[in-house]
Structures are given as C-alpha cells and as structure tokens.
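Sharing a structure below in structure tokens format, with a few things to ask.
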Amino acid sequence: MMKPQNARGVPLKDEDLKVGKVLTTEWRVKADYAWDCGIAIGRYFDGLKEGKILATRCRRCRRTVVPPRIFCEWCFKPMDEWVEVRDTGRVNTFSVSYFSWDMTPLEKPEVPAVIEIDGCSPGVGFMHLLGEVGDNLDEILRRVKVGMKVRAVWKPADQRTGAITDILYFKPEEE
Amino acid sequence: MRERVAIVGVGCTSFRPLSPEVSFREMVFEAACRAYADAGLEPDRVGTFVAVSEDYLEGTSIFDEYVPDQLGAVLKPVQTICQDGITAIASAYLQLATGLFEVALVEGHAKASNVLYPAHIEAFAMDPVFVRPLGLNPRFVAGLEMRSFLAQTGNTEEQAALVVAKNKANALKNPLAAYPALVTAEDVLASHPVATPVKELDIAPFADGAVVLILARESVARTLKSQPVYIRGIGWMQDTPNLDQRDWSQAAYAELAGRMAYRQAGIRDPKEEICFAEVDDTFSYKELQHIEALGLARCGEAGVLLSEGYFLPDGPLPVNVSGGSLGNGYLYDASGLRSVLEVVLQLRGQAGERQLPDVRVGLAQSWRGIPTASGGVIILSNE
Amino acid sequence: MERVAVLGAGMTRFMRRAQETGKELAWEAARMALDEAGLTLKDIECVALVSAPDAFDGVHMKGEYLADGAGATRKPFMRSFVGGGSGVFAIIHGWYHVASGHFDTCLVVAEEKMSSTMPHPQAAFNTIYDQFTERPLGVNLLWIFALEMNRYMQVHKIPLETIAQVSVKNKLNGLDHPCHQEGITPGPDLTVKDVLDSEIMVWPVHRLMVSPVTDGAAALVLASERVAKRMTDKPVWIEGVGWHLDSSYWTNRDLYYPKYVEYAARMAYRMAGITDPRKEIHVVEPYDPFAYKELHHLEGLLLADKGEAPRLLEKGVFNRDGDLPSCPSGGLLGVGNPIAAAGTMKVAEIFWQLRGEAGARQVARPVKRGLAQAWGDLMQVGTVVVLGR
Amino acid sequence: MLVGKIDRVGRIRTLHGDMGVWHKYTFGLAGERFFRTLAEKRVLLAPRCETCRKTYLPPKIYCPTCFAELTVWVELPPRGYVETYTFLYEDLEENRLTEPVAVAFVTFPGVEGGIIHRLGEVRPEEVCSGLEVEAVLAAERSGGLQDILYFRPSRE
C-alpha cells in the first residue's frame, strides 16, 4: 500500500480559464496605504535627500546599523545616537535578475546586492542595486565579486525626494 | 491540578485617531517597554511570543516577519496568530500549559489610520463568488444583523443609542481613550443613517495604538513585583464563516466561547459571579447582543437593564467602563487586548478615576468584526 | 505535558491551478486525514489552521474564510502564521492544543491557493519586503534566494553542479508521489546538465532549481495518548517541536548559515532527548523551495557540518537508499509548493515513512524517528518537528 | 528616546503604496455547478445532506455539519422570503450614496442558509421581514452572481 491514496483535486490549465471552460470572477482590491515612516525611517529619508546615509548606534553592544531603528533589537534598549556613515561599502552577496517584481522578463538584467556599508559594524548593510557592471551575465560575473568595493551613485540633489531610490545604484570603486 | 496562568505585565500606548510621528515598530516598542517595566522582567525571561496581525491591515504580506525586533524577541520562539487578541492570549495560555515555557508575551497593534480604504479591505474578506461581487460597503452586514437582532429580541434602537452615550461618557475618565464625548441617545438617533438601522454614531471609529501583555505561570508570577491577575477561564470559538448561513440575530460565537470559559472557571451564574465586563462594542447593538450571548442578561433584557442603569459604572454590572471601542476607538484585533488591559487594571485597583470598588472577577470578550463570526472570552480574577 | 500522537494524514493532489476553492481543497485534505485516523468531525475538539499570505488566495482574513472547509464550524479555531514556516508550524500549533491537556483531538489543516493571484503569484511576494527601504527597488522573491544562495556558495566554495544535483534527486523522488504536480519533473532521465541548462531566472538560480507555484491542501489528525491508544496500534508520536524567528533586519546578518533553523532544531532535539541527531534521526524532510535550501537546512539541523552537506549529497547519503534519506517524498521541488500545505505534506511524509506506508517512496533503511522542517519569512523562521514510533 | 522623537509637524513623513496584485477566482466545484444551472435552467441548485437532513445554500460539496460529501442536489425555484434587510447609504470608498441600496438576506423554504442580494422594483416602505420575493435574472447570463439582477416582491 502506498499512501496517500485516492487524493482528490481537479487540475486546470491556463487555457481553461481563457476559453471559459470554467467560470471565474475577478476582483481588484483597493489596498492602498499611507505608512507612517516614524522617527528612524523618517530621519533616514531626510538624510538620503541630503545625500547622506544615516545609521543608529547602540553604545552597549557597540553596533552601528542601517537601516536605522530607534531601538537595539539585541540589547532591547533605545539606540544612543545617530551616526553618518559613508556611501561606500563592500558587496556581501549579489545576484543577477532576469525578471521584474511581477515576473515580467527583463531585457537587461538587474544586479541586486547586499552591500556592507563602510562605517557600520562588520556585516551590516542593506540591499540595493549595482550599476555600471555590464549588460550580460558573463560581463557581470567577470566584473562583480563578493567583497568588491562599491560607491553610491546618487540622483541629482534637486531630484531627490527622501527615498531609498535617491541612490540610483552602487558602482564599482577602485581600491 | 494544572498550574494557573497569570497576566503579570501590561503596557500600551495611548489610543488616538492618528499616530504619524511613530512607525508601527516604534509604537510597539513603547508598549513593550511599558509591559516589561510593569512586570519587572527582562525580555530574556520570555519563552514564547505571540503577535496578532493580518497582512491587509498592515499593507505587508507575511507581516509576521516584522514582529520580533521591537519586542526583544530576536531568535526566540515567535508566532503570529491571525485571530483576535483574546484568541492570541489563548495561544500563549496553551503554550504555558504544556509546561514548555514559563513566561509568554502577547502583542497586538493597529495602524488603522494608515489603511486608506478600510471598507475595501473588509469587502476583501467576503466570499469572492457568493457575496463580494455585489460590490457593497460591508457595513450592510451590520445593518442586516442589527435589524434582525432588534426584531428577534425586542431590544430597541434607542437602547442601542444609549450604549453609545454610556461608553463615550465612560471614556471621559480614561486618559488613553481617543473618542471620549458627552453625547445623548438623541444625538445618536439623529446621526446619518449608514446601513439602517445602523447610524454613524453607532459605529466605533478607528484608532491607532499598541498593547502588550505578559503572561506567566503562577510559580513565576508569585516571584514578580507586579500583582498577578489570574486567568480563570478562556474560550474562543468560530461560528460558520458564511454570511449566508449564519443566524442573524444571535452571536453564537460569543455564547459558545463564553460557555467554554465559564466551564473552565467553574462559573454557573455569570450574571451573579462576574463583577464587571468589557465586551465588544464595535457597533452599539453588538454590546447588547454580546451581553445577552454571554448570559450577563437574559435574551431581550439587555436594553431594558441598560436603560435602568444596570451596566453603568455605578450599576450592579458595569460594562465597558473603559469606554469600549466606541470610546477608545477600534483597534482591529488589538481591541480584545485593550479590553483585557482594562480588566487587569481594574482588578489591580489601578484604573484611576474610573476604578470600580471591590471587583474580584472580570470578563473580557472580543469579536473580529465584519464579516466574521468568531471571537474569544477570558475570565480574570485577582484571587 | 501530555504526549501527542499523529493518527492520520491527508492531502489533495498538488496542482498548478485547481478548480476547487480554498475551502474545498481544505475539506478534501481534512476528510482524507479523518478517514485515515478513523475519526469523524464530531470527534474533533478543536481546529488549527495554517495558510501563507492572504495575497495568494485573495481573501482578507482567509483563516476565517477557510474555517468551514477546515471543519471548524462551532469549534475552537485558530490560524497561526509564520510565513513559509507555517506548514511545519501547523503540527506544532496543533501539538500545543493537545499537549496543554485542554483537548484530546485536534484537526490540523494547511491550505494554499496561489493561482488566484494576478498578474503572477510571485508578484504577491514583492510586499513581503520592507515598504520603506526595499519594495521601491522593485524586488521579487527570487532576489533574496539568489543572494542567499550565492553567499552560501561563495563561503563554502560549492559548485553549481552540486546544487543542481538536489533538484535531480528530489524531482526523481517526486515521480513516486501520487500527488505530484503535473510536469514538475521533465522526465525520468533528468540530469544535472538539464538543470544547469534550464533558464537562468535570477543567477545563480535556474528554473529547475525553483519549486513551482501550486494549489493544494494537507491535513493531520492529532490526539492525546488516551485517544491514540484506543484508535491505533501504530501510533506515531510527536517527540520534539521547535521554532525560532530571527531579526527582520536580514541584511544585518550573514545569510550563509541559518542560525534560526539551528535554534529551532536544538529546541526540538532537547525536547526529544536527542543528543546525536546524525545517529538518532533516520529520515528527514528539510524544506526545499530552492535546491540549495535543502543543503543549507541540513546544516542548520546539525545533520551535516557547515559546508559539509554538499559533499554528503555527492556521496549519496541523502538518497532514498542512503544513510540519511532526505526529501524521500520529492519535496517541494518534486511534489509541488503550495506554501503552507507543502510543509504539512512533509510532516505527512515522515508519518507515512514511520508507519512503513510510503510504498515506492519507502526508504531503504529502517526508520524509527524522522524530522520535518520548514523555513519562512525574510530568511528568518525555522520550524522543526521530530516524529517517532 | 535618546535618538529623539519627532516634535515638529513638518518633520513627519508618510510613504504611499499598495499591495500591487489583483485576483481571479474559480467558482469551485459547487459554485460552478450552481451558477451554470442557474444560467441554464433558472433554478437554484442546492445540495442535500441525507444524514443531517439539511439542504444548503449557498451550495457546498461537503456538509458543514458532518463533513460528508454532498452528492444529492435539489432544484428550487428562485423564490423566497426576506429574513432581514437594510438600506445602505455608503459605497466602498465611504462616499454617501444619493439613493440608498436595499440589501436583503433571502431565505428559501426548507433550506439552511440563503442568498444575500439587492432588492429592486420595490418602494422602501414596502420592504419588510417576511416579504415574499423572487429573483430577477439577467437576460444574458454568463454564470455568476451578476446573473441575478436583484430580488423583487413576488408577483405570483
């Protein structure tokens, strides 16, 4: 005897929906939000608008972290101070994406990376994109290495709004 | 006999219509700090964490990701319960009862002001094939239910309006409340119809806020500086989730959850044995319906008792002395936790100007709002 | 603490697109589990449900919506949620209902209907990222896996061929699972080369290293010792449970090692009295939504040293006839991945393996104890259960 | 808070966004059968549980009471009674409607459950609990709740 036995389920093909073989109904929920950024992210965005990356620091565990928060999650106490860190860092890991957020194929791949930010504690950083690293996989894999030094490329000051996208991408930096 | 479980720490923010100067994380951090300070505990003493949330109220999928940091719960057993606050307490309670943990923390919050179209979100909870395509504002559910409830029980629209007057007046003595006011039943009756017989002032307005509770087994509770408030009974129940299959006049979920809690607490005559109650009043008539479902009044009697002053703070069985959701604001699933918070404060004698004299046993009850038929009941005692 | 037994398991077929509603899927799985346990709905005292984000099924508060299909009408009912970890958390959730001594029986139901999401189910994953600092970058789910996979490969110098071997093993195993999703395995002669030749989605992740989008449900019936002894002479016991959630600041942690899985495993091992998991665990179903994840998780579970899992895989240790069979069901790569239901399918597999009922999937070595594990959130959650007979 | 709170309105920031996905639902096994039959035969098809002696609307493939599979279906005329009703004055965006919408829960003799729908061709003062109503179906029916336009007072 092999379990499970006689499992149910009526599989459909995508065409079944298109040709009306089965009935369907659609709904577009108006799930819109205005999220309060609050203290830490609010100030972080203010900093980005000015072309600065701001971090918070806990004196007890001596960590400096981005994205900033008002509490140290390890010491469970308020953070002690704001610190301006550099807009340079090192690639902790990266990938090469051929699909957009909703799985639309991309002609030119994107290169997401976790970047350890200089001035933060070791291993601490955030996710962003790499740019000026090539248009195809071979080229990108040739030019991007884990541990590589990178620098932020900012939007022009008058176009910055106070958002993570005020940094266009990070590009390779000569050692 | 099983070891008892106590609530040993409570913390919250104030409740208010907007909270634009803090993120949800920062709001929860404040409530958590207060709860830890109240209990005299450090986060590392907590064995298990339970949060309540629903993705579409946060605007984030898999919202449970964002729970641990602001609670001191990083790399700890943490789970989210997609139910009302009292059911989350039940989860923590069961986990403590297994013996695996000594201390548990329960968190709930609302950033209701950040949800731009709350009726759209509520409609999204309806059956997508049999109800939602009507494209109606979900408050029609309250209209259908209120009419049926009043017709079946003989309670009246005026009596429902009195609930609003009572709770908003009670909230005047609650510094946490967002919507205290002096309004009369006439004001309520004269307010705009929304889904007849439900009118604008019959509906609890939304609020932002966070509540954190800390629970411990009795052996630990006795070693802490705060006065323990014991869980004597807890119940949670799901009625049919189908709008089109429910009994429109009764709150079966509250009745069954109440029975479950009473059985555990050994309560035979709730009307006599419960000193005061915080029941769900998301809509005015809901308070009357829940009072009857919980056996705190006989069927059809809640409205009359109310108009006689029975449920006023100085009456024999005060209900929603905190101001309820009508007075504090509706915090989605954190509303149940807010009710429990009030019961704890009352039983500890820390309710300030609204402190009830000589209270020993209190009840809190929650409902998950439209279109659900589920909720919880908890019975707490300071003995 | 009451001992808790598993009396029955059930599941639907795993399908790219099911005609059934989520409620109907939940009922189909729950009904099979009850039948296998020899119980009826009347015997069930409470219901525990898991399902991943509401954005898939397209119903806000979908736990409420699914309740009647899960058999919860007029019963104490609770939905728990730890993202992708929910599938294995389901049995933990049910476990504490019964272990508390408050209930003798609990029906555990896991459901996911991903196909409702448009334009593509993956689009629902954009909103799992931080709305302030990550979503504006246009993130998809594969990014984070590709980032973690690359980090894991870089730290331990793991060749892509070895990762591809996980896909081959699981997809071939899955051919023996009656519920496997149609087309999930290209053919019985699938090779590492085929996997490496499949489309690059987000390098280093290739299409055949990713589990598919799936509709389906799975269910378990749990009971106290008292009921279990009356119902069966082949009880399978829940010996250990563990779960841990790491910080949501995932870019402040080193992704090469799943510490949260280790903590969850240690919790479960402590409860089960296991001191040497490599000897005491006989069959394992680690979470494999992506090929590298199985290896990553085997290390987190302390069933291999850090960086050692790839070598053990190459030696065949994790094959069905190996010393430590891993994903004999076929896993998410070989059966399908209806998120929450996939984790519960893994628990069901361990249950059937321990009872010797897995048929063509039955592992070669004798098994007395097995483990199922799931992972979830932003590289954050580990959920672990140890079952034994 | 050592890192400081926000104490100026001008320093408050909010970020707008949405959940970004929409949905397409199948009707399920019971819903498919129900709405196909309604469109073709203008009757309500309700499953019956012989054990529990109950007939259910909306339809299900399982008995919510005993969990048995439901295989017996009965056809009912789309005529029933208003059990409870409301006049709704707000749309989904909380705008006030100029004309309220009459919404009713309609039950059918011998059936557990019922159908929620709009009322039409009725004066507001006519609406009451117990009112006998019948479904007005669309001339072109594609399968779905929209095939019922509304319920109106019964003319038979």
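We call the chains A, B, C and D, going by the order they appear; numbering starts again at 1 in every chain.
As a convention for this text, a contact is a pair of C-beta atoms (placed from the backbone, for glycine too) under 8 Å apart; a residue touches a chain by one contact, two chains touch by 3 or more.
It should be emphasised that the depicted structure is a prediction, and the values quoted were computed from it without experimental measurement.
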Winner on C-beta contact pairs when B-C is weighed against B-D: B-C
From chain D, the most remote chain by mean C-alpha position: A
Gap in Å, rounded to a whole number, between the CA centres of chain C and chain B: 34
Intercentroid distance (Cα basis), chain C paired with chain A, Å: 26
Interchain centroid distance [CA atoms averaged], chain A/chain D, Å: 42
Touching two or more other chains - residues of chain C: 17-21, 55, 58, 60, 68, 73, 118-119, 123-124, 126-127, 130-132, 247, 249
Junction residues of chain A - those touching two or more other chains: 10, 12, 17, 22, 25-27, 29-41, 45, 69-70, 73, 101-102, 163
Where chain B touches two or more other chains, by residue: 20-22, 56, 59, 61, 68-69, 74, 114, 117, 120-121, 123-124, 127-129, 133, 240, 242
Contact graph of the chains (line, ring, star, complete, other): complete
Residues on chain D engaged by chain B in the complex (per definition of touch): 5-7, 12, 14, 17-19, 23, 25, 27-28, 31, 56-58, 64, 83-94, 96, 100-101, 103-105, 112-118, 129, 144-146
Residues of chain B defined as touching chain C within the complex: 2, 49, 54-56, 59-62, 64-69, 73-83, 87, 90-91, 93-95, 97-100, 121-122, 124-125, 127-129, 235-242, 252, 256-257, 260, 368, 371-372, 374
Interfacial residue positions of chain B with respect to chain A in the complex: 19-27, 29, 36, 42-43, 56, 59, 68-70, 72, 74, 111, 113-117, 120-121, 123-124, 128-129, 132-133
Chain D partner contacts - residues on chain C that touch it in the complex: 17-21, 23-24, 27, 30-31, 34, 40-42, 55, 58, 68-69, 71, 73, 116-119, 123-124, 126-127, 131-132, 135
Chain A residues within the chain C interface of the complex: 1-14, 16-17, 22, 26-27, 29, 33, 35, 37, 41, 44-45, 65, 67, 69, 73, 92-103, 109-110, 112-114, 123-129, 137, 141, 146, 163-165
